[in-house]
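I've put the structures underneath this note.
The following pair of complexes shares a single chain, chain A, combined with chain B in the former and chain C in the latter.
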Partner chain A sequence: MSLEEQQPEAEIEAGKTRGDELAELLGDLVIGREEHLNAPGLVIRPDQVQDALFKLRDEAGFDHLSCVTAEEYEDRYESIYHLTKYDDRTDEVSVVVPTSKDDPVSQSAEPVFRTADWHEREAYDLVGIKYEGHPDLRRILLPETWQGHPLGLDYDQDRPQIATLREHANPLEQDHTGEQGNTMYINIGPHHPATHGVLHVETVVDGEQVVDLEPDIGYLHRCEEQMCQQGTYRHQIMPYPDRWDYISAGLLNEWAYARTAEDLADIEVPEYAQIIRTMSAELCRIASHMIALGTFALDVYGDFTAIFMYAMRDREIVQNILEDLTGQRMMFNYFRLGGVVWDLPEPREEFFEKIRDFLDDLPEALEEYHDMITSNEILQARTVGTGVLPPEVAKSYGATGPVARGSGIDYDLRRDDSYGYYDELDWDVVVEDGCDNFSRLLVRMREVEESAKIIQQCVDLLEDWPEDERNIQANVPRTLKPEEDTEIYRAVEGAKGELGIYIRADGTDKPGRFKIRSPCFSNLQTLPEMSEGEYIPDMIASLGSLDIVLGEVDR
Partner chain B sequence: MSSEQKPFVTDDSQVLTETRDARMAGADDRFNSKLREAFGSSPFILTKFDKFMNWVRGSSMFMLQFGIACCSIEMMHTYAIKHDLDRFAAGVPRASPRQADVIIVPGTIVSKFAPRMKRVYDQMPEPKFVVGMGSCTISGGPFQEGYNVIKGAEEVIPVDIHIPGCPPRPEALIYGIAKLQERIANGESSPVTVKPYELEQFGDLPRDEIVDKLAEQIDEDDLVMRYNWADSP
Partner chain C sequence: MSATLQTTLPDTISGLLGLEGVLGDLVGGLVGAFIIANIMLITTAIAGPWAKRKITAAFGDRIAVNRIGPFGLLVIIPDAVRLMSKELIVPEGVDRPAWDLAPMVIPFSALLGFAVIPMGSGIQLADPETGLAFAFAAASIASLGLVMSGYASNNKFSLIGALRAVAANIAYEIPLVITAASVVIFTGSLRMSEIVAVQAEPLLTIAGVSIPTWFAFVNPFAFVLFIIANLAEVGRNPFDIPEAPTEIVAGYQTEYSSIYFVLIYLGEFIHIFLGGAIAATLFLGGPAGPFLPGFVWFVIKIWAFFLFTQWARSAVPRLRVDQFLEVGWKGMLVLSFANLVLTAIIVGVIA
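And then the complex of A and B:
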């Protein structure tokens, strides 16, 4: 996708770029300019971050802080705020805030975008930039006792991290009653059947009601960014995206990396490969939503026997199809830069038949789900009107994916910043305006139908594709070395929302900085907003409806 | 990276010897029943009773519902229809560790989670068994080089069966569990203490910067835990 296509037509005036316009708007606040591949970059003084962001948000309409990237250079630290709009995803701007090496203090963006809270905590934790005016600047992913900042340049990984065992005898704060005796502090997690993995929720309850709640993450921080920075572009990075959002959304994640790296290295993907990608990614989306559905029912009425098993049944079929295609059930490693690794399995008719069978049975299966879940009075009583997330709040937390669409925000990267083969196909973006747990569930269920529509069309296209034009991979050099200091931030619509990747090339065959913007990380931040004042079981339902996956939250 | 940091390597030759001895000696004290303690060791009927108890244990295993990472999805598939672990008398996931016999460790263990997992393991009643699922529980798997990753579940708790794979297929997990059942039914088992739980005497560490910083808060004979094992065996 070239840069020219990214520019909205109305804003291209003679010789004046979008960057010039925004720089004009900010006036003296801008002290320098950069050019990123996806957006113009405006350099701002570290003590004027809030002024600049307020202006961009209120006057230029940049209401979505997609990601905050922090990195360390030889001579400075840098925080990059990747801004974009919910109404127009292709209109992007990067606000670059350099800080000095010996005193890396920068103004916090939290008053402007509340999502910056966690993003800046992560930047502090891993890179070591301090944010002035941040409400609660402490480590988020690593333990409190950690020494040093692991993504900083001078970090020595072989130096052992030591803490007394006594500190770990009981690492969590004990459950206890509040000072006046009418509230109680409880730990939910990190090992708890309803937290979808290893999430720890520090909860203060008054009777059955949640008074105060704070998600504590980092129990699955597997150093994904470090892993990717150690790998070469061409082959070594691709296996890792599978493991970010491991609920079978592997291909969607791989696409995020593929798209970013392909744009970075200017690789054109053959049309045939794009169709295969689109089809397989949508299969992954179905598999992922099936788990979301099954575990949500499990959370809401502890049903391990019916709906969970039904969802697993349908997932098994999808996994079988994907196994035929990729050779793996979960960690596909199927995409390559410039295409996919191999063509559809032979005999092709059998493979198409298998997908068609699945698609034919799907309406009936969905009917069954609707019978048992959405039209079930118990579930409706538990989910309608609980966990309310108003659209403005969702936007300020950077919520995306089904969480945003369940709050009536019409935002889907597949349409708004189209990639792959999506813009050639006929499908709709699903939006519900209930803003509650029920709407988020409905969005997922209806998205399964839309995905099925997309797969259907892809299968039709693939079936009729001329045999001598089945080009699955573009010509890609054996070693990719993008030019030094090229920076790019690109996102795709993952199963949970906007999955973005920032790469800075440093002239070698490995990325200089690899930052992952995980949709769940931002979505999970809305949990206190949805649950404070509600009952504990409603909090569990809200958590289930967010459909987080901790591998992606913690990375 | 440099050899100066070598002093952190623990001398575990003694542990390894004990491990081997215990393995060769057969059953360990996990299998001791109250009844056996009361009767002493000789009566014939108790040998038969022990065998019966072992068979019962192997044929009725309560698993802990314990999800960590990617492998837990395959674990869910193993419990669910099609693979249905319940056919092998091991399919009732219990939410509380106090009701479980077997803990499947399905995923990467990182510094923040290791002490919590140890705690969950400690809460399980004896006799208890551990299945390490996936490469991460063997060595850290694909994330072995991560600054935050514990290089295998055995650094934290003893593991009876390792199932390699990333993630292992449900069939592989079922095979591993069947193997574990076989071993339990035969009264074999790997020893409870495979490796001391990330412990060592504080006094053995060289007095470097971090140690100096923490030294004031720690007693001379206090124990320390290390998050990352750069020189981990």
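And then the complex of A and C:
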């Protein structure tokens, strides 16, 4: 079920013409052409980035800047803007912007896509490309005082770094320096009961209302990209994705890497393994949405809510099933390139029975949640109409997953850029038009039902699968060495949204550049849009409804 | 009516000790206060480290403390030792006298309120003419403690919490007192023992069982209003705005640790019980009840109120601060005045 098989016309045939078409559209702006595995690449001069992107956005309809990848070559720096469409995910284009070694300055894409703000800050931080016209080009993951750019070629790892406490000095002093005089600066986080990890939200409040806020991230940065660049394709990278979105969404993350690397190395995954993958990934999605539900209830209700425990109780059942399957509760490491590591646990009947029991009890549990949460008037008063994220804003920030679907954007990679076994199964993409905290909550609750539907069908298929055709892994060479300079950007629908991975092969058995597009990273960027002018409690609720995991934001 | 009044606890004690005059008043008062305070402290000790955990755990499908003693009850002792032996961290720049006094003002004010509460079986410290007004006045001193703690802590979350606490107290104290006033219209007296005595009269008799004139039966609307306002006063869901852990960390008590934290927490719990005690006295016939001694009924009633607060906290979402104040000013205030006026008219017409 590789991609080539699914969309022969759309991808291969259109691939050439699509590149030509777009090159024609941009005319003189294009100074060269590249071919990435997922999309045509157009090379653009660094001072014409905005012109090119405006044209692609307004005239060709590329309204989704999925990711910005920056990397350093021996002779140049390069920023790649991975563009695609919310309406047609398979229509992709990579805008490649090379800059010179001695003066790596490139025009910022921020005026075209708001999401480029953080992505370019990250590129500046880790690789060292400067973006002209960027509103606020500061480091984002590393401390302000960091010396050097860790993913640059001449970075000295042994250089001692000093991160002073000065920038985190007591912010009391900054209070009344503002011209308004009435505002107060508070640090919400990094140690705060409701920031879902080590997130630091620098908030300026006027009374209780948020005037200005800025999420400060990077407390959990672990150089995941660099670690992946140091592992071999075949086995050494797969354990890392579990640690990005570690709130039980591990298999979804593993699938992102598996899909990218399989397409890169042209590996076919057996159908049987795809069904197992689909089933286990959806189990992860349920577990992950349960946590999102429970913690959102915590944020809105207060500390001692029963709903959190109920959500944990139901998630625990899923965790037990996943433990039976993978041998692990959180850090699964279950997928392999070309399939999964082992077959379903024996006795199979017992395992299926366990899943069926869970699925049978699920509607009742969901009914209970609806009784306690969504039909509660106080909760509705708290969440309906707060944290509003209009669809255009969501698109401009590259919001995906339940956050986008809660804003009425009908976008789900499982359907729009289908992989695994999803297109063979009967399920629906859940969309809510409310654009507020309540609809994001509803989307997650309804998605649990859809996931249950998918799992049900997978279980039926697996149960009837002939014994001698249970092929869990394709034949994959012991050492994978994709051709030099093959580039690919592929994404899957993670629990939080579009989880993409860019890999550039450099001819060895390790990736030359490994870039992770984290859905939480883009989703978190929308927080100021949702919260400014609202009360602190609503800001906390919005943050909860975004369902971020700092492990994935910071990577 | 005054013939039915019971002698107060200090008089009983001085009578037992055979002391008279100023000395008798002094010793009786001190011993009586000591006894009442200890009753409340023991109640709180059970409620805080044990009952609260057990109740919220029951709501959340958990087990909670069950290792030491029957039902884990003896966990109170190690918990008390643990809490008190923690380091008392004094943050930089706190306003020292105010910061130190606040944790004492909060429980003290709540305990003071119990001085006029008739607990049944002759346990009542004092029974002044203005008993009810005294109870409310004493309970309100807590607001002062909250402001002191919030303002002196040199922490913005504390400050916001204190401001919220003051806003809550102003918004909900008025409906609380106004609703209580509607009861006073019936009784014609602020004296606690008289309020209880009035409620002992039978309201009606059904099949040989006479139902007393508890104001919760006479005016259920006022009772509901009072309980809701009370919930806001003690700061429990859906009104736990001043603390709101997920929003402003812990509000006014953010910077308190060790014994100061214990004192503030203690104060909060005694306030819950005081709220329950006032509600019981005004609406549930005080310590009255069939078969069991009065004191037991009193304990049952205040624990019922405590259970109610814990239930609300486990199951009801928290309002946003502006919605909270809106409910207070636009809803509760109007309703409580309507209740007062209606009661006055009805009582006037009947009388």
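To be clear about the criterion, the second predicted complex is superposed on the first by the 518 of 555 C-alpha atoms of A that agree within 3 Å, B and C clash if a C-alpha of one lies under 4 Å from a C-alpha of the other, contacts with A are read in each partner's own complex, and residues count from 1 in each chain.
What we mean here is this: a contact is a pair of C-beta atoms (placed from the backbone, for glycine too) under 8 Å apart; a residue touches a chain by one contact, two chains touch by 3 or more.
As the structure is a computational prediction, the values presented were derived from the model and not from experiment.
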item: Which of chain B and chain C A:379 touches, first, second, both or neither; value: second
item: Per-residue touch tally on chain A - higher for chain B or for chain C; value: B
item: Partner chain in contact with A:246 - chain B first, chain C second, else both or neither; value: first
item: Touched partner set for A:535, first chain B, second chain C, both or neither; value: second
item: Touched partner set for A:309, first chain B, second chain C, both or neither; value: both
item: Partner chain in contact with A:193 - chain B first, chain C second, else both or neither; value: both
item: Which superposed partner A:54 touches (first chain B, second chain C, both, neither); value: neither
item: Where chain A meets both chain C and chain B, residue numbers; value: 172, 193, 308-309, 313
item: Chain A-facing residues of chain B, complex; value: 1-2, 5, 8, 65-70, 72-74, 76-77, 80-82, 95, 97, 107-108, 110-113, 115-117, 119-120, 142-143, 145-149, 166-167, 169, 199, 205, 210-211, 214, 217-218, 222-231
item: Chain B partner contacts - residues on chain A that touch it in the complex; value: 141-143, 146-147, 150, 155-166, 168, 170-172, 190-191, 193, 196-198, 218-224, 226-227, 230, 239-240, 243, 246-248, 291, 308-309, 312-313, 315-316, 319, 329-331, 550-551
item: Residues of chain A defined as touching chain C within the complex; value: 172, 184, 186, 192-194, 208, 297-306, 308-310, 313, 372, 376, 378-379, 381-382, 535-538, 540
item: Chain C residues touching chain A - in the complex, by the definition given at the top; value: 56, 59-62, 154, 156-157, 160, 237-238, 240, 244-249, 313-323
